[in-house]
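Taking it in order: structure first as structure tokens, then the write-up.
Which chain is which? They are A, B, C and D, in the order written, and residues in each are numbered from 1.
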Amino acid sequence: MEKKELRIGLIGYQFMGKAHSHAYRDIPFFFDVEAKPVLKVVCGRNEEAVQQAAEKMGFESYETDWRKVVERDDIDVIDIVTPNNTHAEIAIAAAKAGKHVITEKPLAMNLDEAQRMHAAVTENHVIHMVCHNYRYVPAVQLAKQLVASGKLGEIYHFRARYLQDFIMSPSFPLTWRLDQKVSGSGALGDIAAHSLDIARFLVGEINEVVATAKTFIKERPIGSMTGGLSAKVSEGKMAPVTVDDATAIIAKFENGALGTFEATRFAGGNRNRNEFEINGEHGSVRWNMENMNQLEVYFAHDEEGLQGFRTIDVTEASHPYVGSYWAAGHMIGYEHTFIHLLYEFLQGIARGEQPKPDFADGLRNQAVLTAIEQSIQQQRWVNVEELLVKS
Amino acid sequence: MEKKELRIGLIGYQFMGKAHSHAYRDIPFFFDVEAKPVLKVVCGRNEEAVQQAAEKMGFESYETDWRKVVERDDIDVIDIVTPNNTHAEIAIAAAKAGKHVITEKPLAMNLDEAQRMHAAVTENHVIHMVCHNYRYVPAVQLAKQLVASGKLGEIYHFRARYLQDFIMSPSFPLTWRLDQKVSGSGALGDIAAHSLDIARFLVGEINEVVATAKTFIKERPIGSMTGGLSAKVSEGKMAPVTVDDATAIIAKFENGALGTFEATRFAGGNRNRNEFEINGEHGSVRWNMENMNQLEVYFAHDEEGLQGFRTIDVTEASHPYVGSYWAAGHMIGYEHTFIHLLYEFLQGIARGEQPKPDFADGLRNQAVLTAIEQSIQQQRWVNVEELLVKS
Amino acid sequence: MEKKELRIGLIGYQFMGKAHSHAYRDIPFFFDVEAKPVLKVVCGRNEEAVQQAAEKMGFESYETDWRKVVERDDIDVIDIVTPNNTHAEIAIAAAKAGKHVITEKPLAMNLDEAQRMHAAVTENHVIHMVCHNYRYVPAVQLAKQLVASGKLGEIYHFRARYLQDFIMSPSFPLTWRLDQKVSGSGALGDIAAHSLDIARFLVGEINEVVATAKTFIKERPIGSMTGGLSAKVSEGKMAPVTVDDATAIIAKFENGALGTFEATRFAGGNRNRNEFEINGEHGSVRWNMENMNQLEVYFAHDEEGLQGFRTIDVTEASHPYVGSYWAAGHMIGYEHTFIHLLYEFLQGIARGEQPKPDFADGLRNQAVLTAIEQSIQQQRWVNVEELLVKS
Amino acid sequence: MEKKELRIGLIGYQFMGKAHSHAYRDIPFFFDVEAKPVLKVVCGRNEEAVQQAAEKMGFESYETDWRKVVERDDIDVIDIVTPNNTHAEIAIAAAKAGKHVITEKPLAMNLDEAQRMHAAVTENHVIHMVCHNYRYVPAVQLAKQLVASGKLGEIYHFRARYLQDFIMSPSFPLTWRLDQKVSGSGALGDIAAHSLDIARFLVGEINEVVATAKTFIKERPIGSMTGGLSAKVSEGKMAPVTVDDATAIIAKFENGALGTFEATRFAGGNRNRNEFEINGEHGSVRWNMENMNQLEVYFAHDEEGLQGFRTIDVTEASHPYVGSYWAAGHMIGYEHTFIHLLYEFLQGIARGEQPKPDFADGLRNQAVLTAIEQSIQQQRWVNVEELLVKS
């Protein structure tokens, strides 16, 4: 029997486009997925570049106008990896066209967009996801199992830091990631968004936040991204940086836990230090993307005198997802987060079941981001629930 | 020629009393101190216990009323290691009696006390210190040298966490450390105070704060400390916990740096994780009391491709203080923080020079603590400078 | 212009078969390789299993007799991932048929086989490699650059440990990996072989060895591998283990360096701890597969007082191979070692240049393994060079 | 009731003299020792230096001839911290004079000396110890408890490395530590001796060894130690280094365990990396002097999927010795190893019980060292038991 095929239309082809394409290619190799992805079309505005990308990444065709992709009959899935200010329009059009849809995070530029996007996918009964890929690190999934099973007891603390340093040089150009109109925010939407999603995934809803933000370098030469997190100066002209370089947040969770978050692109020496710790009544977990295959776990009920954080290599056959790979102790890397998330997306479509994180998560995350932005501007505590009610 | 002697009167004899006494004994063994400490008298209210302590710790005599110690002619130095609500009265009396004075941290219960204490020591021209011992870890001193030399450039971030877990069990009793009337606050004054002092030492003055606090266990059986951080239940009766179990703080520094702080006694598995990281324009440092002899240092100007945090064993002859001990790679422990601080105290007295951190630091730290308390109560940003001006 | 294609015939399809197939699929996605691999045929004795493997891994066809694959005109490359006792026959036949050939390590069962294999590939002018994949970890390549550039100066020490624990349970069955007739040896050929190859790669030739070996569990139930390093008992019968569970080796290098090696499958808690340290006149490097993206580097000429091992995330665009992936700080995993090695293999074929490690390395490695085996049996130092001359 | 006093005569006053003196001073402060040490006399050949040392370290008097100390009626204990070639003569004289005796390690220069020393202390019924201080790290004591309780099961592996770098510069002078006539050997007797003693302590007797040694720098300027592990060149003249810079050893234990050892002073960046790992049937332990308060422990019987090395802070009240210090999570340093060992020495004398490690251990250690030396010279396996029988 032939497997169902899902024909992918990928809108965008840079850092995240590469990550998603690779994942689609790898999924059937490693997993018994019920619907096989077909790399049908990739879309970008620069024809020469998108053509090259199509060839390199193995797409059957390319387009330069995303509307054409959304309209094509031979496309089942729209995968959006373009800058943040384009997510809403594309996703809504895709949903209306009956396509299943996944977007890179953050879902939207603001709460209004997020709500319209959420309405579109639910009204049109398509499967939808937002690509908070760090949920799908096996060690993070194991942390989820520990929390869900009650092994950590009541949760007291969630603390997260996401530290990068790729824009510390004043000569790093002002790209879309530093332009508020395109990206919505800086460290906040780009990386704090990941920590906040993990917090919601592992601990629960955030009720109230207070935050501040800093832009250390106020003006930069105009330029563009060149792949990954690299960029080049495109002209001599300077322009003001309109996003935060760093954001610090204190949060109160619905269940009484206390959350602290910090996200910065000015933490020299930390290339991509995405880390969190949870402390509960009966135990703690610690995780750090730099050693992404390891989860540190403490159990208060271990024998007295022999208590301590265990460093678990989350690479056993019994651990989430990793049984499909190599052998215990054989590490996997960053790209596997996309493999796992997109595997769940494909499975969800094949089975007609909505996987997580979906647009409802994206919307709730957006409300948290909006609350943080208001807190930064107004220098006060902001209630997340009230924002959702008001809007 | 005989060395000058400094006759010590120690008020209190528990955890910190032991740490201070031991330090006085060790100082002349390891350092060429210009004034030799003499353990003259130790003071406590329980005669049997203080007599035993005197014998064990090597004091010539004991008293049960601190006023007698302050009045004694044969005492040059009053060292106060009693609970926080007694610091002010003793220190002011000591200063008025012309004794040099050192107190455990935090300096006082509130800003008013702190100001009166500061006035007393300055008016009476005695040498004064507040025992923020973590400043005197050699690795922290090395961090100070790096900041002061400009090797890190402009400072962008200071982030600190002080994580403990010794009161997580609901059966841990309500001792003075959990009683607001005696301790002033919980995790805030006990451990966040250390991080805040280090922040001021390494980065500069804090201007503005926002904070929140949590008390996870609201009621405990009444009891008392039994040494170190251990305690025993003294009676069946329950009483409300009146201090914070955990506090989270965001701070803005005068020089533009962004600070984040978290202190908790509910971080299971973290016995005494006192850690900070500084990110500057040209480099970063990381430190953690669990590996107190190591400083991690990153220099942005290291050769490309060979950049990374260096783990420096701060045990070389050229490093602060440690040349007086063993050999490179031979670790020192917690008690040496007191040795170094009290060495500077004795040297300061001998030379008539005021060492740091002094009561002015204690006062400024108190203003920060007060601002944090107000921020917690009033759920808003509080300006530290304004508090100092107002009071 | 169409790229040259290289049609792959893969002999074997289990753990290593999966790793090689995946690598061939990924190479053109990430690298601009001059010859594109085509997954033409996979071969295995169990028809049902090999058919499934072909489908899963994306091969166009399958065979059950390796001789047929070697004879096929539409095959350019023979890739051998079958147990060690089959390498020689297949590789020699492939070379004689004019196919380029790569085998899993160790090259052969003994020195005689290795010499015949080396003769076959050189006489038939085909490109040949032996799959010592750990050479191709970017951090190991960076270590090589540091040694080659003279930055470490004269090399004094190489010390390596390869620790696993997957056969510690007495109920783990006797599979081919524990049967001397099929595998040649146990921990020695399976994992020490990797450390010895890295030693030769980074430091130079090994002249003389002394070694001992232990088999802690002498008898096991008969069984078979089930993928990765897992296995199942196939029948109740017990049989003697005929290979080493652990081997310890001291080695003298031609250039005067002192080498120590230990390989064991009985180091509980170490799933796959493959680590080495090099100490040279001017610096040291440390590496550990558990954190495979990091290289720790020490430079003796760093400023006094600021010396220490740097932890380098070998994920920068300037580092070997990783520029083709994600962004600095984004980790890669185990499978990339195969991607890099097989990329070099394909490039070598496309350009007619012999890449490393080749059959000459395999032969030299085999001589070291043989010397170690003799040393274990005869309880004496054995000279590697003499073995090569003698044979 | 007055406590018994034990009057100490310390022979030698440099690095180890300082460590021992400090320990004697600290023992009654921290522990309820049954016999109080009195620092009666310190002895050294350089009168000015020894007089200063006496004052600094708190000795009542000094001598320049050790024979006088041994003869003095007011001395109960002779503590020998002079270079290795003087241990035998002093210890034997002390024993004959009825003094309890402790020497720094290694016990002697050779097996004959060790046997005569052992005979002298047993014939004269004095208490005796050899100062293998690393046994007395609390984490090492905890490891001992784990092994002794059977929690690790049958022991398969002991692997140790002791890495230093203090003599790597060719300009580091030839001091007594590099002169075979005074020190007996280099890295072998100085640091491998510690690892070998820990191996015997934790695993059991060593039966057979094979080893090799290297001297990387053959000639150095003549000089002398200046405290700790520092030294200064005393004259321009060069002289040959007569000891090993590095030694590598493979050992077979009586109980079937496999041992590997490496000791070197040429491991750049490793100031004092003294580490070991034990793998047993049911678990493993890892320890490293650089983080001396932590023991990593793995239990094979932990729940599947949650297995991993636990990092235990060996600072709890329930852990060996540390209950006498500060509080959980408060680190102790190198000097405490001497405090614990000398505490046991004093307790042993007070109670008339022989503590460990004693001269019998020193003798057995010497036999292992001698076997290693013979193995190095003769390039063959050497049986330890046979040496003891023969001699």
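Annotations
Going forward, contacts are C-beta pairs under 8 Å (C-beta built on N, C-alpha and C of every residue); 3 or more make two chains touch, one makes a residue touch a chain.
All figures in this text were calculated on a predicted structure; none of them were measured in a lab.
Placing every chain at the mean of its C-alpha atoms, the farthest one from chain A is found to be D. Remark: among chain pairs B-C and A-C, A-C carries the greater number of C-beta contacts. Interface of chain B with chain D: the two copies contact each other largely through the same residue positions, with over half of all numbers used appearing on both sides.
Note on chain placement: the centre of chain B and the centre of chain C lie 54 Å apart, centres being C-alpha means.
We define each chain's centre as the mean of its Cα atoms; on that basis chain A and chain C are separated by 36 Å. Of all residues in chain B, those touching 2 or more other chains are 270, 294, 307-309, 313, 316, listed in ascending order. Those residues of chain D lying in contact with chain B across their complex are 15, 18-19, 21-22, 25-26, 28-29, 56-58, 164, 166, 228-230, 270-273, 289-294, 313, 315-317, 325-336. Residues 156-157, 159, 161, 163, 165, 168, 210-212, 214, 216, 246, 248-250, 252, 256, 258, 260, 262, 264, 266-270, 277, 279-284, 298, 300, 307-309, 379-381 of chain D touch chain C in their complex. Every residue of chain C that touches chain B in the complex is listed here, in rising order: 142, 294, 297, 302, 304-313, 316, 318-319.
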